[in-house]
Structures are given as structure tokens and as C-alpha cells.
Amino acid sequence: MVKDVLLQVKNLHTVFHTEDGTVEAIGGVDFEVRQGETLGIVGESGCGKSVTSLSIMRLLPKGIGEVPQGEVIYKGKNLLKLSEREMRKIRGKEIAMIFQEPMTALNPVYTVGEQLAEMVELHLGMSKKEAYDYAIKMFEKVGIPMPEKRIYEYPHELSGGLRQRAMIAMMMSCNPNLLIADEPTTALDVTIQAQVLDLMRELLKEYNSSLIMITHDLGVIAEMADRVAVMYAGRIVEYADVVPLFKKPSHPYTVGLMRSIPRPDVEVDRLDSIKGVVPDLFHMPKGCRFSNRCPYAIDKCFEEEPPLVEVEPGHYTRCWRYQEMEELSKHWESGEEVGKTSK
Amino acid sequence: MEGFVKVLKKLMRNPTSIAGLLLVLLFVAIAILAPVLAKPPYPDTPYQMPQNGWSSVPQPPSHEDIFGTTEGQYDIYYGIIWGTRTAFKLGIFVIGLALIIGLFVGTISAYFGGWVDEVLMRVTDIFLAFPFLVGVIVIVTMLGPGLNHVMWALVIFYWMGYARLIRGSVLEVKENDYVMAGRALGTPGARIITRHILPNSIYPILIQVSMDMATIPLTAAALSFLGLGAPVGYADWGQLVSFSRNWIISSSGGNPFAYWYTITYPSLAIILYAMGWNLLGDSLRDILDPRMLI
Amino acid sequence: MISFIIRRLLLLPVTLLGLTFLIFFFTSFLSPYQLLSAYVQDPRQLQGANVEKLIEKYGLKKNFMVKYGNWLEKIVRGNFGWSLSLNEPVIKVIGQRFPATLELTIYAIVPVIWIGIWLGVVAAVHHNGVIDQILRVVALLGYSIPAFVLGLLILFIFYGVLGWLPPGRLDQWAQMIVYSKNFHQYTGMITIDALLNGNIPVFLDALKHLIAPILTLSYLSWAGLLRITRSSMLEALGQDYIRTARAKGLSERVVVNKHARRNALIPATTVAGMMFIGMLGGVIITETIFNYPGIGSFSAQAAEQFDYSGVLGVAVIYGLVTIIGNLIVDITYALIDPRVRLG
């Protein structure tokens, strides 16, 4: 059964006008999110995950960030074309967003209850009193103990885990169709992480909402996502359902990421598994953006950027050598011998 | 050094900071060229404004006194030119000394911490418990008026800002282990100051100095205005302004507009001078204060 | 929080002691004869042979601590000496003039806070726009015009040329009323007393005399408050919680006026408090220009006429007001910032 497409991002480009010139942080990203499904976006720090989500929500810093090209189709409407007023009706009510750092993402001078209440007052037209009662209900739902007391507390009075629960309560309060969670658990302890993820899954199921889960943790992806987009340096390099992706990764970067998941049976130096760092936006390699770090790069990779091709139905990858990948991926460490012809 | 060049480049990009820089340079040039621009009749006492007669009524601008004269016939043009020197003299002396005291107190306070820090900071608080002008007036009253006394009074009540600023940056530097390593190896204190502490606090100090180059002479001028600063006839902007008071309010009879020049020129000098330093300091803050870099 | 207040209160006497010591230290430059007026309450004591006796009695030729101790004892009892410039006990002068200064500064600070904060918010919202640039230049102009120049210019225009705003505190006829038996001076602040006495003409006359000094005093302060509000507002607007507020679908007006401004107001309040205290010092120039009989003009007059006891007395009062004022500001700050309040 193919579910309806809820959100479709087409050829999204995002640029930043900085003091040292204009840079392209997102260079043509395509993906879609179906009703009730979870799309995972995974990639290293700085690859453009947050910028993608902010572009969808049209929350890029004013005058600095801009989307010169692309479409974001939500329920048949291009969000990028809406007036600011119409967009405000979407934010929070239809599409909600959870941020990475629950401490700084909540306003320190208002109680958490107030921060939830003002949202339902706005979108659901409740009175102050109803909104506060509703806040208590939501807090209860996300498992915050003593909600009738907690709603009157300030963010710094809550622990990190509770804060993120409060954030989730807030963002789910208007029953959004789509939730974008930008690394919601990165700042939390491992045990708390698992609890928060469970909570999110439950709520999504209950509300039949879709989720875009942004993370750099493939473990979270494996647990939460139905479909996955792997991002690298402002591009999607691989895009597939979660099972085929893990079974048969077709891009060297994905392969590298998977190798860097710590596993009890294999001893891998996590940091070492993909050498080097993401190139900064001013110094992108000319050909494939991964070429300076890819163990399998060939001459062509330094000349021309590979297109995103469909390897199997619904499985896309952006690599010149995707056909050989199954063979190549067995020799990560000795990649050089396998094919790299130095330039 | 590289940093300075970069800062300078950024300064040159913004029209307001260019205006500030130009104004400051203009006044620096006036101060340096004072003996050329307004030749002192008595070279031994150049700061004494020459008097062209004894009439108590100000005289409008003429060929001889291009900005007119004050009551008592002091030449306004001469007073403004040499008053520029007075302003720089005051600024450099007071800020220089305040900076030295601040460096001393701030460094010791932060470096030793503990009760030394506590005591020094409480003492600083006590000095800060006076409104600046009140403190200065107390000292000038006790010492008696005169520009030298004013300068010392200003120093005594102006070092606290620098002490706090420097204490803050020393504390920051102290976090860096290489200073701790340096101390362990017996690096002399002076070297730690010049090598680590000054480079770290140079920009905030620069901003502060730039603003204070406006504040200090203005405060001294205010004291002169109150009759507590420079002696009568000394080339000083505050005194020139105070000479105008009786003439621009009609109480002395006649049309107050007739004496417009007695207030206009000295005020303009003061405002432009302060404007220059403030524009410069403000632009520096915009460039250097990371909080402003959004 | 409680411990913070207790600590501050415990430090208060220490600071006060240090303050009086510092003030008195500067009298070391004076001869015993010059200093004597600070000890006596009645000028008749200063006649003939009695002078030497008094110098002996207060130990004015002895060591510093003896002189200081005797002086401090008198101060604590409310004897601030005899003012040679006004021929009255210093404490009486202060008692009469302090309410006048307080009246002036209160009227001056209220518009400053209003306008300064409002303009600061406007400037921050239009960061680097035309309004921001204009406000910046106007604010810098504010910094750059010294009080005595601005005051004289106002006097020149509104009194010299237009004849509207006369110097002094009251017209002759109003003075007759105010110092008559039927007029009760409840507070020493004439505008308030006039209203309490139901005398509208006196109220209006007092107000008329206040306008020019208020203009002078407040012009010099609003610029500072504008800059502080602007920069703390800019800082607030760059925070994560602002992005959250926008992601909730709140209108820009609510985001700015509720979420950002509340945070920016915390530092602005502190600055406004310190500004009020600073204004009490700033009145020296303003009151002198406008012949306004407050403690500011008294300190200038006393200084000019070598009225040592007058200057000492004013300095003690100023120090006292500043220290207590700062304490109030600090406590207020702690009260309005939930992070400190509950921490």
C-alpha cells in the first residue's frame, strides 16, 4: 500500500550571503515524506541537515539565508510561494519542529506551561484557562511527572530529558501532520535518548503524523526511519528505504558511515573510518564532493560530479562507481589498492 | 599586526567610521599644528589666550578675530585651537595613568584571586560609589582649582573601569593553561602581561580608550564651566562656553542672537571632537565586540 | 537568591565605612582651620578663642584616625557641619534640596526609560536598516553633546530667544504661595505638594520650570539606554528560542515584543537603574545652568566657594544614595531574571 505523499521537496537550493561572499549550503535536494511515515536525514556535522529543515519552514535568518530555487510542496501547495501570513498558519499547526538543544530552544524567562499555552491559544483558539488545562494534559501525555506543578516552572528548573519532553509536548500540542525533529536526542544521555525516541514513536503513531528525523546517528535511523536520505556537503548522496540502505549501501559515504557505527563484534576506530573533514563551502572539490575523502575515487570523480541515479526501484545514489560498490565495500581500509588512481 | 590591518580595512568600509577617523585626525592635526594655526603672542605661555582689549562686551567675528571674542576680549579662534591641545593633554595624561593603575590593580586582583581579589574589588566598588563628577569635585575642592588638580582628580576616579576590564581578561587568560605553564616555569610578571594579557584585552581597551578620549576632556570642560577647572584665560573649551552664558540669555539686555558666536564656535569644537572619538569607538565596538556579530 | 541578598546586605556597612573613609581621606589636604566647619553646627562657635579649643577638642592637629573618628560620630548623629556658602547647617540644606533633585530626576528618568527602550527595540528590529543607522547617529550625537553645552543651548533658545522656559524652580508669585503658612510641604517635591494642596497654578508653574532641565538631563541618558536595549535585543533575537517561537507560528510582533523583549529588558532594567543613579550626579551641571535649587547646584556652589563641609556632606549623601541604589538595582535584577531568582 503506497501512502499519500505529504511533503515533497524538489531541487531545493539554499544560499547564505556572508561577509566573505555568497555560498551555497544546499545544492539541489529532492525527497518526499509520506503520510504517517518517517524520513531520516543523516549526515555529518555541517552537511546541511538543519539548513534543509529551516528552508522548509522558511526560518532561515532574514537577509542572510535565501532559497533561490526549488519547491517545497505540502498538500499540493508550494510553501515557498505562500505569504508570510499563510506560512504562519502552517508553522506549529501543520508542521512543527523540535530542536537539538532543549535548553536554549526554550525561552528562559517564560514558564514551560506558558510557552505551550500560547501556541494552542493561537492555533486552536483556546482561552488562557483552557490552554493551561490542555498544557497539563499534554505534559501528562509525554510522561512529565506532576504536570500541574511543572507547567509553572522555568526551563532551567527541568532536567535535560524533561525539557525535551516539554518541547515535544509543545510541538505535538496542535496535532501537526508533520514533525521535523532536528537531532532531538543528541544533547541527552543515552538512556534518556531511548526514552525520548520511544515517546516520539508512540505519539506519532497515535496522531498518525509524519516525521523528518534529522540525526548523525545511524542507530537512531535504524530504529525510527522508514526511508532515509544520506546527505553530504549540501547534496543527497543516497536515498532509499531503510532496509535496502542498510543491506546494500551504494555510496562510499554511506558505507563509511556504517563502518563508523560502533559494534561489539568489530573493532573500528570510529573517527578514523572516514578520513578528513567535510570541505567548507568556499572550497568545494570540483567533481564529486566526496572525492577528497573517498577511498575509491578515480580520475573521473575529480572532474565531473556524478548524477543521482536509481540503482534499484526507489533506491538512488550519487556515485560513478555504484555498480562496483558491493565488491568495493569489502575493502574499505585498502580502498587505495582497489581502484584509486591518484591524480 | 595582521589583526590591526583587518580592523582598519573594516573601518574603511563604513562611512560613519570613516567620518569618525577623519574627525579625530582633523583634531590631531589641529593640536599638532597649533603654534602654526594660532601663533602665541607670548611663546612662553602659549595656553594663555591673548586679549584684544578690555571691553566686557563680546565682539562679533572680524578680520582680526575670525570667530569673534568673548567677554574680556579673549580671541575665540585662538582658544579653540589651543583648547584642542588642552583636550589632548588631558585625555592622554588621565587615560594613560588610569590605564596604568587599572593594569596594576586588575592584574594583581585576577592573578592572585582569593582575598586579594575580594579586597581590591571592594575598594574598586567604593570608588565607583560616587558619581564620577561628585568624586572629582570633592578632590578639586580639597586641592583647590587648577588644571593639574583636575587631571589628578580625574585619574583618581577613572581607573576603576580599566581595572575591571583588565581583571576580566586576565581571568580569561588564566584559564589558558599555557600561562599557568608559563608561571610554573617562572616567567616574570611583566612578560606575562605583555605577552598574554595585553594582546587578549587590547581590543576592549582600545574601544574604551576611544570613548574616554571624548569623555575625559568633556568632563574637564564641564569643571571649567563650573569654575573649578582651568584658571581664567587658559585656552579651554569649557571656559569659552561658560563665558557665553550671560550673553545668550537676554537678561543682560538686547538681542541674544547678537552674541551667537560666543556659544556656537566653542560648542561646535566640543561636539565635533567628541563625535569623532565616539564614532570611532562605536565602530570599533561594532567590529570587535563578538556580541554584535549576529 | 536569599544568600545573595544577605551577602549584599552584610557588605553594605563595610562599603559605607570605606566610603566615608575615602571621602574623609581627601580632607588631609586641608588645614585644621579649613576643616573645622565640618564639625560645628552653629557659626557662633567659630568665634575668637573658641576656634583653638574646638581644634583641640576634635583632634584636628592630631592623627588622621582621631579626626576621622570624631567626624564619623557627628555624621552618624546627623551633624554634617555648617555650610559657609549658604550659612545654614549642611543637613538642613540637604534636607531642603534633596527632594528638589529627586523630583527633577524622577521626571527625567521616566521618559528616558520609555523612549530609550522603545527606540532600542525599533533599532534592533531594523538592524542595519535606515532607521537603525539614523538612530545610531542621533544616539552618538547624544553622547557627544556635553550637558553644559546642551543646557546652555536650551536656555539660549527657550529662554533667551523665546522667553518660554525660565530658570529657577518657581516664579516669584508661586514662591510666595509655596512658602506661605497655608501651603503644606508634604514631600518637598513641589509638583506633588501642589497637587496635594489642590493648587493647580503652582503645579503648572513648577512643571514649566522643570521642562528645560528635564530635556537636558534626559537627552544625555536616553541614548545610552537605546544602545544597551538595542544590543541586548539583537542578542536576544539571535537566540535559539526565538527560532522556536517562530517555528510555533507566532507572529513577528509576538516574537519580538514578547519573547525577545522580555529577555532584553533584563539588562536594560539594570542599566536604567544605574542611569537613574548616574543622573543624580549629572544634575550638578544641569541644576547649575538652570539655577535649580537642588543638591547638584549646591555641590557646585559649595565647591566654588570653598565650603568644605558642604562638599563633604553632599559627597556622603551621594555615596549613600549610590550604594543603596546599586543594591536595589542588583536585587531587582535578581528578582526579574528567573534564572537568578530561583538559582
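Observations
A, B and C are the chain letters, set down in written order, and residue numbers restart from 1 in every chain.
Methods note: contacts are C-beta pairs under 8 Å (C-beta built on N, C-alpha and C of every residue); 3 or more make two chains touch, one makes a residue touch a chain.
None of the values given here were measured: they were computed from a predicted structure.
With chains as nodes and touching pairs as edges, the resulting graph is an open line. The interface with the greater number of C-beta contacts, when A-C is set against B-C, is B-C. Here the CA centre of chain A is 55 Å from the CA centre of chain C. In terms of their C-alpha centroids, the spacing between chain B and chain C amounts to 23 Å.
Every residue of chain A that touches chain C in the complex is listed here, in rising order: 54, 57, 59, 84, 88-93, 96-97, 99, 101, 104-110, 118-119, 122-123, 154, 156-157, 167, 170-171. Chain contact summary for the complex, chain C toward chain B: residues 11, 14-15, 18-19, 22-23, 26-27, 29-30, 127, 133, 136-137, 140-141, 143-149, 152-153, 155-156, 159-161, 163, 231, 234-235, 237-238, 277-278, 280-282, 284-285, 288-289, 299-300, 302-304, 306, 308, 311-312, 314-315, 318-319, 322-323, 326. If you check the complex, the residues on chain C that touch chain A are 239-241, 243-252, 254, 258-259, 262-263, 266, 337-339, 342-343. Touching chain C in their complex are the following residues of chain B: 16, 122-123, 125-127, 129-135, 137-143, 214, 218, 221-222, 225-228, 238, 241-242, 244-245, 248-250, 256-257, 263, 267, 270-271, 274-275, 278-279, 282, 291-292, 294.
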